[in-house]
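The following blocks contain the structures, represented as structure tokens.
Look for chain A in each of the two complexes below; its partner is chain B in the first and chain C in the second.
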Partner chain A sequence: MKLKSKYYLAWAKDEKIRKKGANGGFVTATLVSALENDFIDAALVFEKKSVYEGIPVLTSDPEVVKKCAGSLHGVPINLTRFVVEYAAKKRIGLPTKPCDARGIIEQAKRRQVNLDNIFMIGLNCGGTLHPLRMREMAAVFYGLDPDSVVREEIKEGKIFLISEEEGGEEKEKWMKIDELEQKGYGRRDACKSCTVKIPTMADLACGNWGVPQGEEKTFVEVCSEKGGAIFENAMESGYVEAEEAPGKGIEARKKIEAGMQKLAASWKERMDEVSTLSRSERFEFYVDELKNCIHCGACKAVCPVCACEDDSKCLDMNDERDSYAISMYNVLRIFHLMDSCIHCGQCEDVCPVDIPLTLIQRRFSERMQRHLGYVPGMDITEKPPLYETELRWSARVE
Partner chain B sequence: MEMETKSSICPGCSIGCGLYLLQAEEGEERKIKILHRPTSPMNEGKLCKFGTDLHMYYEREVLNNSVEGGEVKQEEAIREAKERLKGFKPDELAFIALPSTITNEEILSFVSLASEFGCENVSFGFERFFREIPEEASYIIERGLPFSEVEKATKIILFFLDPFVHYPLLARRILKAKKNGARVIEVSFAKNERKIADEVVLVEPMEIERIKEKKEMFADSLIIGELTPYTDSQFLALMLWLTASTSSRLFLFKPFLNSTGAILFGKGSGRGDLSEIIEGIERGEIKALYSLETDIAGAMLGGEEVAETISKLDLLIEQNAFRTPLSDVANITICSEPFFMKKGTIVNIEGRLLDIGGESEKGLQAMESMGKGRTYEEVHEEVKRKLGLAEISEFEIAVKREEKSFEMAEPKAEIEEIKGEEGYFLRYKTNPFFWNGIQSKNFVEISPAAMRKLGLFRGDEVEVVQGERKERMGFKISELPDYLILSEAKMSIKPLYVAEPHRMEMLTRVELRRAKR
Partner chain C sequence: MEESKGEEWEPKILAFCCNWCSYAGADAAGLERRQVPPTIRVIRVMCSGRIDPAFVLMGLLEGADAVLVTGCHIGDCHYVNANYKTRNRYEFLKEFVDELGLEPERLWLRWISASEGSLFAEMVREVTEKIKKIGPSPLRREWKK
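Up next is the complex of A and B:
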């Protein structure tokens, strides 16, 4: 079957996958089909431990993939570094949030992965939540025992928590995201201000925006030839069923995206406390925050766009014996990432002394990227304008 | 290549940070990667440098089973160990384990093994403190506090402890407390370069006890200090006296991951103490030592002397996952599994009972096969029974602490005047790398005055000298008193309070010279 359109409503044919997976189980069914039909060697998925925890698993077993079905908004882990470390030379398929896909594309530009071998099944993303804040949120605002929450869902501007009561009965409670976020809960700061909501840079972009209410289907945008091939294969081999998306649905999806982008832009403005400061106050702010750095290197270790490894300038040019107010490590990282930072917030998530790294990095990189007309991680053919993209000394792939 | 991901615990310090450990094997190649685990309530997805670099700790050379240097099967090493241990009188035996990588189950097994041989010289590093303080105060040594108590505190006193260095994952809790309005006071020899405190009370090195004059400052505070096998008795007494006489609370951090578990499950198991055991070996009274995952010479300052003492033993048995200088001289080595592979639990400094996440019982079974022969499940049930728990949850504080009032005699130490001309004093700033035998720093911190006095330039090196001991190091200029040298690196220089205990001193006199260029 040849695809005639760019937009589809699709779902898993297998009832179990349809039930377990989000929005009709299309993503899981497509990955299983890709594995069964030798499109990929392995799938990189999250094994669900609880509603707050998913562990990344690289597997060639379709049964494991089936077990990993379902959404996990409380898992804010970026998968880029896994792909680089474990799958650089393999053909893999994985679900990607926009920031995962953008990280992988930036790594491909730096010759750390070969994009031809990676099937990115993009997931529309309104944002992820920190799992521990989510637990607190369940207890404080939803009045639930955090451990009783078995599922979560984000739709129509609300966070739904579904708990299992004694006797196995399920109860659904929801709160408006905006209300939660005003109280300091809800999505991570990086997600609140992220304007890339639909991962069109991936091979397929999937989600529930544009799906008629009450229908358990996935709205799929085919974004690349590869994406088309994997989708077609899933249909031909009987894993997936699909119908062309109605015009109304396409419009609704666009509208939701635009609304979320607008909200993100307003969050960005609200959170940008640095730009309102005078130059000397800004310097004071940077010193005050960055002086706490303990040089653990965690921000570099998790950064989805950094490909320098042990030869990096931030490490080479830093000497802990120097007594600068801000270490060279931090200064070099800020400057080196100015053109390529995707503002995913991974660095801030892992910083042991809670330095607001996303905010600081954004202050420098956003203006630079605007000036250079470069949006990192969106297009493999666009090279980062400022810094080396070849990195031949550390290339993992040709 | 399949990738296996495990939930695990960092063995770097007593906080017990949660993390993921990824293993992938392709042909001969085995990769370990550490990943942050955001769900972990101890560290909320953060790790210090030790945790971030933990793969290096696990990539060390593994230990083989051996008898007198010859590789043997594990059963043979165990059989030989048991036979040889039987050849000693109970008083001639000692069992030591600094509990960095040792589970609660292994602690129970270790204690039980020692008792099978009638041995009472069992040490986990903290025994002597219980003999030196009033019993009513022992809960402070035994139990820590949840981090939520740090975040809620209104006044925090950092008592000779730099959280950024000693326990990096504590630092953010103090920063959070500050954001919540807490006042942070630092009692120290030198100002912290990160300026975490609202107020710094500088104390002269030989006059620590003069802090008693500022007793009022401690009222209703949370005092955060550190307890290590090196802590001077008088120094501990001072912390407890300040606590008892000012209705404050004292939170003592400890360097070893399962310090709390070792104290809870090892307490009362014997009359041993680390320093007494070493002295016993030195005097020739202790002739056989079973060391559980403890490179005693590598972990202790002045390790060369300890190594020399150890060589006087008739029998040294080292059970470990990795090769260490101690295992190189052991008569018998018994191979256990790396910490992340272990099936078992630990208790972190907050009192959380944590599952390590592994599946191997190798180390435990090695001991059980010499002792009572119990299954893992039996020993694990005993852990839960002793803690009064049915289930394990990392989100619960299993070992809670109840504050009690106690009386403490006012500690007194001789105050020695320091005269400017008397030279330099060295203070170690211990950190997770320090205790785990991995060197992470190659420099010492000195004052601008010392730099000028020695005529040092950028790129020069210094020599820190104590009698015959000499260490060549880089240097960093910090805002310190003229005479003070700080070191995060482990050197052969032995602190005075180890050489001459009970003086409350935390510094040692050294010479500082410019090294030849």
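Up next is the complex of A and C:
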């Protein structure tokens, strides 16, 4: 059997998986099938501890994969560094958000992982929530005890929180995302302004956009040969069933993506408090924010693009005794990410002194990337421009 | 940053010169008895490709009012193509300095060959003049008297 089209509606054949996983359990079923049919040695999935906490698990046991099905919006972790550290030598399969996939591709460009060994099932991503903000949100706006929340769901522009009351009764409450975000809650800053919603750089791009209402199916776009082969195999070995996606669905999916991108662009503008400042005010803003840095190195440890490990220039050349206005660590990190930052916002999440790194990195890297005509993490064949001998042609023509 | 009154403020300019061209060019300026403003501090490197962007940034953080990156003309590099890399990195530095809120005039890239002593002297004069106009760098640090 050869795949005829690029777009499919697919679902898991196994009823248990279908019930546990979101949108027909396609992702879980495909991972299990890839494991059983020896496409991958291990799968990297999230074990849910609570709605605010998930632990990445590298496993070759299909039962564990089945147990981990379902989405977690409150765990905004980027898996790239986990893959580099623990699974660089193995053939693995994992579900990826667009920023995970882009991070893994950037690491592959830096020879930290081999992309041939990694099977990425991309998930459409409308954004993730910061667990601490989510707890606050549950208490303030939903009037729930944060610890009683057992499930969360995002659909149709609303955030649903489902709590379990004493006696096992479930209670569902929802609020509009827009409303929450006006008040400074809702999705993370990086997600609000992210314009990459469909991970076409992964092997498969899956999601519920474009699926007819009321149907428990997953819309799948086949983005690479490897993805196609594994998808085909999953159908042949009876883990997954699929039908060609109707034209209406493809249109609807595009429309949702365009709408999300428009919203992200407007958020980007609204959140950019630096753009209204003059040159000297801008300088003061950067110095003011970055002087709080305590050089713990957390932002570097989680950065999905950074591949320098412990002997990096930003650590070696940094000396606290220099007492520069902005430390060498920050200057070099920002400089080195100017061409490659994928705006995932991990650095801000882990920063112990709350430096608005999402904004700062975005300010620096976006203008450089525009100047270079380069989008990081999309195409494995494009080298990071900082390491090239010649300037990219798009920057040369002026 | 309080200078004694009456004395004119002198900028401090850091220049990276490559051994084969621009450093020899600076030498030539001396041999030809050309006046070069005493605002410049030269650091010799073997090639402009050796100038890590970190050096330039560190120079700025240390309080240099301007940093000059100089090297052989494109195509004349003694190490095949290293000054192409310099040009590439300079593009990054330019954007970085501009976004940080420093004036773009604080960063210069010039190609100067070993025989262009006059060009070297002229460049230093030009940079000094420009910097005097825009004033000391906001990153400048000096011991208070």
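What we mean here is this: the second predicted complex is superposed on the first by the 380 of 398 C-alpha atoms of A that agree within 3 Å, B and C clash if a C-alpha of one lies under 4 Å from a C-alpha of the other, contacts with A are read in each partner's own complex, and residues count from 1 in each chain.
What we mean here is this: contacts are C-beta pairs under 8 Å (C-beta built on N, C-alpha and C of every residue); 3 or more make two chains touch, one makes a residue touch a chain.
It should be emphasised that the depicted structure is a prediction, and the values quoted were computed from it without experimental measurement.
With chain A as the common reference, the superposed partners chain B and chain C fit together side by side.
A count of residues in chain A touched by chain B and by chain C gives the higher number to B.
Contact with chain C, but none with chain B, is seen for A:313 once the two complexes are overlaid on the shared chain. In the superposed model, A:286 makes contact with chain C only, not with chain B. Using the contact criterion defined above for the overlaid structures, shared-chain residue A:85 touches chain B, although it does not reach chain C. In the superposition on chain A, A:53 contacts chain B only, with no contact to chain C. In the superposition on chain A, A:175 contacts neither chain B nor chain C. In the superposed pair of complexes, A:349 makes contact with chain B only, with no contact to chain C. Looking at the shared chain after the overlay, A:375 reaches neither chain B nor chain C.
Judged by the touch definition given at the top, the superposed model places A:301 against chain B, while chain C stays out of reach. Here the smallest spacing between CA atoms of chain B and those of chain C, following superposition, is 8 Å. Touched by chain B in one complex and by chain C in the other are residues 322 of chain A. Interface of chain A with chain C (complex): residues 279-286, 313, 317, 322, 324-326, 328, 331-332, 334-335, 338-339, 363-364, 367-368, 371, 385-386, 388-391, 395.
For chain C in complex with chain A, the residues that touch the partner chain are 52-54, 57-58, 61-62, 81, 84-85, 87-89, 91-93, 95-96, 99-103, 138-139.
By the touch criterion stated above, chain B contacts chain A in their complex at residues 1-3, 5, 7, 20, 22, 24, 31, 33, 35-39, 41, 43-49, 51-53, 164-165, 168-169, 171-172, 175-176, 193-196, 393, 395, 441, 443, 474-478. Within the complex formed with chain B, the residues of chain A that make contact are 42, 47, 49-50, 52-53, 55-60, 75-77, 82, 85-86, 90, 130-132, 135, 146-147, 291-292, 294-298, 301-302, 320-323, 349-354.
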